[in-house]
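The next part holds the structures, each set out as structure tokens.
Look at the two complexes coming up: chain A is in both, with chain B in one and chain C in the other.
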Partner chain A sequence: MTWRKLLRHETILALLSVLALIVLASQSDKFFTVDNLLNQGRLMTEVGLIAIIMTFVIITGGIDLSVGSILGLVAILLGVFWKNLGLPLPIAIGLGLLVGTLAGLINGIIITRFRVPPLIATLGTLALYRGIAEGISEARSVRGYPDWFFVLGQGQFLGVPVQLWILGAVTLVAAIILGMTVWGRGVYAVGHNETAARYSGLQVDRIKLAIYSASGFAAALAAVIFVSRVSTTRSDMGTGIELDAITAVVLGGTSIFGGRGTIIGTVLGLILIQALKNGLSLAGIKSDGTIVLIGAVLILTILLSNLFHRNGNR
Partner chain B sequence: MSTDVAPGFVAKRSAVARFISAYGQELVIAGAIAALFVLVSLISPRFLSPNNLNTIISGNAYIAVAAIGMSMIIITGHIDVSVGALIGVLATISGTLATAGYPVWIAWTLPILAGIGINAIIGALVAYGRIPSIVVTLGMLSILRGGLVSITGGAWINNLPPDFHLAQQRLLEIPVPIWFMVLLTVGAFLWMRHTAFGRSLYAIGGNIEAARAAGIPVERRVVQVFMIHGAFAGLATVLFATQLRIIQSTVPPNLELTIITASVIGGVSILGGTGTVIGSTLAAILFSAIGSAMIFINVSPYWLRAVIGVLILITVLIDMARRVREQRSAKR
Partner chain C sequence: MTVLLELRGVSKTFAGNRVLKDVDFDVRPGEVHALMGENGAGKSTLIKIISGVHAPDDGGIIRVAGTEYKAMTSRTAARGGIATVYQELLLFPELSVAENIFLGHAPRTPLGSLDWSLMRRRGRQLLDSLDSHDLDVDAKVGTLSVANRQRVEIAKALSQNARVLIMDEPTAALADADVRRLMVVVKRLRERGVGIIYVSHKLPEVFELADRVTVLRDGALIGTNPIAEVTEQSLVAMMVGRDIAQLFPKPVPNIGEVVLRVKGLSFGDRVRNISFELRRGEILGIAGLVGSGRTELALTVFGITPATAGTIELDGRTISITSPRQARDLGIAYVPEDRGLQGLVRPMSIAQNVSMAALHRVTNGLFMRFAAEISLAAEAIARLGIRTRGPEQIVGQLSGGNQQKVVLGKWLATNPRILIMDEPTRGIDVGAKSEIHALMGKLAQEGMAIVMISSELPEVLGMADRVLVMNGGTSVATIDRANASPETVGAAMTLAGQSVEMAQ
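Then we have the complex of A and B:
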């Protein structure tokens, strides 16, 4: 029985990550340098923030396809608020975060009030939010942000990229809420059996509303960091990031049917993906080749994990 | 089997009411298309010119054809997010074969076979590897997209032989894409409605355990329906690859979402078990009609996606409201 415990999904994943790190480190001596690793953390932050909250979403048995579009919308609005409306940048950022959270709340309302399946609801808002971003921006980009703003995406604090501190804090808070609080247990209960959770007196709809709003907020935060990192705003920002985030979450062992998953798994999934991307590019493989490998790793990991847990699809 | 018709309530209603209840979504979309045509043609009569009608109907035919396969997948209770990448890969195969001097019929048929083969793998991983279809196809999306770009470098294929352009040809004065779309839609609709195989897709999507107990070989059916979906992706590719003078050997962005959206707006429930392919084809036509209408009434095309988003949400909300009402009347 104990060896079965050892073969938990997270263990398989950790072993895979270590294996990947060893192979990659042997391919290039640049890989295991502090500079490189920290820089990779910088690149991981936007997907990371979204993936951490996406873990909650998927554990409740839902999905949020609209995060990439919320990212694009908030990025565009940041530029509009600051440049076209002339608001001070901190207020523009605050409004951007608010809009992102509201966009997530709207997802939540469509899903809980009208009982629309999350896949469809967020497919609709994916088109809607991106459409609004495209309509407002008309493919124009906004540049020329003040220097202090770039600290968020390009600066360092105590030698570590600023956004990595943010990602670390969000991860820690998320892990504590999901793993150690009654509310966190409720999230699992909703995903495991929603009807049972409802009859146990859990505020299922309120939990979902909070989670989808948080997902919108995470996407908005990622948008601010993204804009700060690349110094410009475009309406196609974040296209496809929802699939990257979902890949990391599922790779991390969260069941797509809900009810099972951990933050640590998602973090391992994120690290494995980023290590593969970076290590292979240092070893001279083009980034498109890396995407192939990530797809294969995703399918193989879930297949392996299914083989070790023959009983039950979950 | 179909939750569109409330049991016990059917016998009392007239044939017309039954028809409206069973094909509500299809009628709503047909009505929306008709309303759009009337309204826009009042503003700009040129909207109804044969040329523009042809553009509207045949321009999105490949989406409609791909949405037929997607509808079957969703009705069976699965999803495929890799189909856009697959179409990109198959189009590149087709164009490469054509420019390499192979006969055009090989350049048309080989992608269909390749689509069936690739989707057989997806189906086997879903049915026998017991991996959720969204995970398998998410992985496949990465593999196909990354593989395509790393092999071709995103180069464009031109110098296509003139007889390769099937989608630009006409048969009996009607463009070939419209033939494809109409014949495949009607064929698939009748096949799904009147054959045991077709009905079994609804059974699996409606209640997999009941389907198994009824003796349907569920695993084999899932692999087969993915292969059929692959064939439709191949057919869609033939229309997609042959409509322009060049083939861009990258994956068309968001194509899979457009195809899924057509299926869903067409009334295929994402919960599985209900829907028809007539609806998804009408939805594909509605998309291109909206795109064209926006040009005619001078709305910036940048707002197209927002309009489609609103449309998805409205259709889905109406659908959910109808479901709730029918559940209530069934309980009574």
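Then we have the complex of A and C:
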């Protein structure tokens, strides 16, 4: 019963994705090639990692706008730790991930301790973290990373890009946590009715702290992969990535009001968006046109699924 | 005789489930027409069809002031002068009282902008006409007590110049004194010629107010009668389809050692210096007017608003309770006053709600055991007689009384040692009420210690072994069962300041 209800949006989305793939494949014979598809997977990973955790954030009724800035900050710090401080690269990576997680934790603390609405809290840290990143980098970029580092962003394992394996693993773990564990249940309860969740003995604040920290971690991981993929570090990396991630999550059927959403939905949303971007550019359509189309698809899917949802609810 | 509103052969089906069957119903000007029936009988559904929330199945007819409709919409209802106070309050917590009252039909200045001062003045007048002089029109609705929120709802309905006023269990959340005030208002409206549909589970109220009464059972119309032609017994028999054995089935208590001892407990100035003991197997009733601090006391013991002074002892050990989680882990359960906000996650299923405070019982440490969760819910459904399609039904789709039973089931699932119930039978029909009372008696006999906060004096007197009376945030009397009467308890509830000790 509930399953069917949840799946309904995902079904629409899956059908839409298939349709998009067929149409796009007919537009360009380059589109439906293994190389192209794998390459698209590569490009999707950074947004993907962020969107998967963003799904949790949005299900609790929150939002995290600071992920792009955390990505930029961690990317810069990676260069600074390795090049300027001379730390071994693995340690620099570890520290970068730690900083990202802490940045997320700070978001969580602002939101839970000081009761600042997530939109405002993370809008503030969006500016803050980006500002720090730019201050540190002074518009210089770092290059010359060792070869082994590029495996992460450019290498392959069993014929599939390395970062796709990472995205796959994160997705799987996230889906299991959200759908099958006690903790995941708490996330939904908090999103629907925080007060009732608290009165039931759920640790609302802890759940939120964990989620915002995870969001920071995901952004940091995306930063490492990003740097490895483009072999350079710049402070404006990740600008605007939060909007792509949020779009994928919402397209995937997660309610911006909280309480509703699935990881499968987000994955479908990601695939659809990436397919549209790539297919349209192969078909020679300018990127402005692509953005318009993605916007239209977003609104259309939400309308369709609301139409189905209206019956029988409430 | 003219009628304001008439329904002929109205049915309603939800997902293949026929919850109203060919119902006829009408309202005349200047009458109070009571609508009665068990939880889930279809009263609220009928009301929502009249007010345009639900469209009925094809075939029925609704006639409002001479115009025929197949289905109402909120717009045609408003045009027909139909206003509704719903069972589940629908106010906006972030808006002020005045804004809530005039939402959607706010008075405007000649320039077309909102006329705030007129809005506040008219809001004031409306509240005064409800004898609510103490309610501030600028207060945020979210900060009000349930009783006050109810008054705002009523003022909101009145502000639309209703010719038909529908009230779905308006007094469920009110204390006796407030019920009196409301009944005066209802009578005044009747004199003005308003037709009132009045849903209630409280028989005395119905007999005092109603001119006619209609009974539904399982969605079918059992009958419409002038009030003079029915008695309490015949009415209950019509609703339940059987006789109810005993109103307050209280087994011989089996009172043991002290489990909870509270000394000088305070929370700011809302709970002041309260001391009491609670024993194994005892039902401690807490009586008091709305705003006397009963709920605040419960919230402090349960860790929502941790105590600012005083001590709590559990089994002789002094503990400090700073969160609901901690209280729960200590074996304390709290069935809250506001089920929609605090008790339930309405968009989730019965199973998900029942397990919410007892998740440890339906996991293997990490993963949910979905089958165990379903059977936990099935247990609660059977134990409390929840009327539902099954454990996976969304709680928001249940009737009000059945939602209340889900909250109860959720906390019983934690196997508490101390059960604090805040208005446990609010909105529950006569039959189910005596079942819940029987269950309380049984739980107490099995050794549970129960604190029962109730605005219904008969319930307190009928079930409690001892009554703690609160007034102005502090306890003014502790009266044991033998001495508890409407007079002694009632006097203590309204007498301010002095402490009466009547327990031996």
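FYI, the second predicted complex is superposed on the first by the 303 of 314 C-alpha atoms of A that agree within 3 Å, B and C clash if a C-alpha of one lies under 4 Å from a C-alpha of the other, contacts with A are read in each partner's own complex, and residues count from 1 in each chain.
Keep in mind that, in the parts below, contacts are C-beta pairs under 8 Å (C-beta built on N, C-alpha and C of every residue); 3 or more make two chains touch, one makes a residue touch a chain.
Just so it is clear, the structure is predicted and the values come from calculations on it, not from any experiment.
Bringing the complexes onto one copy of chain A puts chain B in a clash with chain C.
When the two complexes are overlaid on their common chain A, residue A:Val160 makes contact with neither chain B nor chain C. Of the two partner chains, chain C is the only one touched by A:Met180; chain B is not.
When the shared chain is aligned, chain B comes close enough to touch A:Phe257, but chain C does not. Among chain B and chain C, the chain that touches a larger number of residues in chain A is B. Applying the stated contact rule after C-alpha superposition, one finds that A:Ile132 touches chain B and leaves chain C untouched. Shared-chain residue A:Thr195: touches chain C; no touch with chain B. Shared-chain residue A:Leu304: touches no atom of chain B or chain C. In the superposition on chain A, contact is made by A:Gly124 with chain B only, not with chain C. Of the two partner chains, chain B is the only one that A:Gly295 touches; chain C does not reach it. When the two complexes are superposed on chain A, the residues of chain A that touch both chain B and chain C are 313.
Put simply, chain B touches chain A in their complex at residues 79, 81, 125, 129-132, 134-136, 138-150, 253-254, 257, 260-261, 264, 270-271, 300, 302-310, 312-313, 316-317, 320-321, 324.
Listed in rising order, the residues of chain C touching chain A in the complex are 14-15, 304, 323-325, 327-329, 334, 336, 341-349, 352, 355-357, 359, 363, 366-368, 392-394, 396-397, 410. Those residues of chain A that touch chain B in the complex are listed here as 63, 110, 114-117, 119-121, 123-132, 134-135, 137-139, 239-240, 243, 246-247, 250, 256-257, 286, 288-296, 298-299, 302-303, 306, 313.
Those residues of chain A lying in contact with chain C across their complex are 1-2, 180-182, 184-186, 188-189, 192-193, 195-203, 259-260, 312-314.
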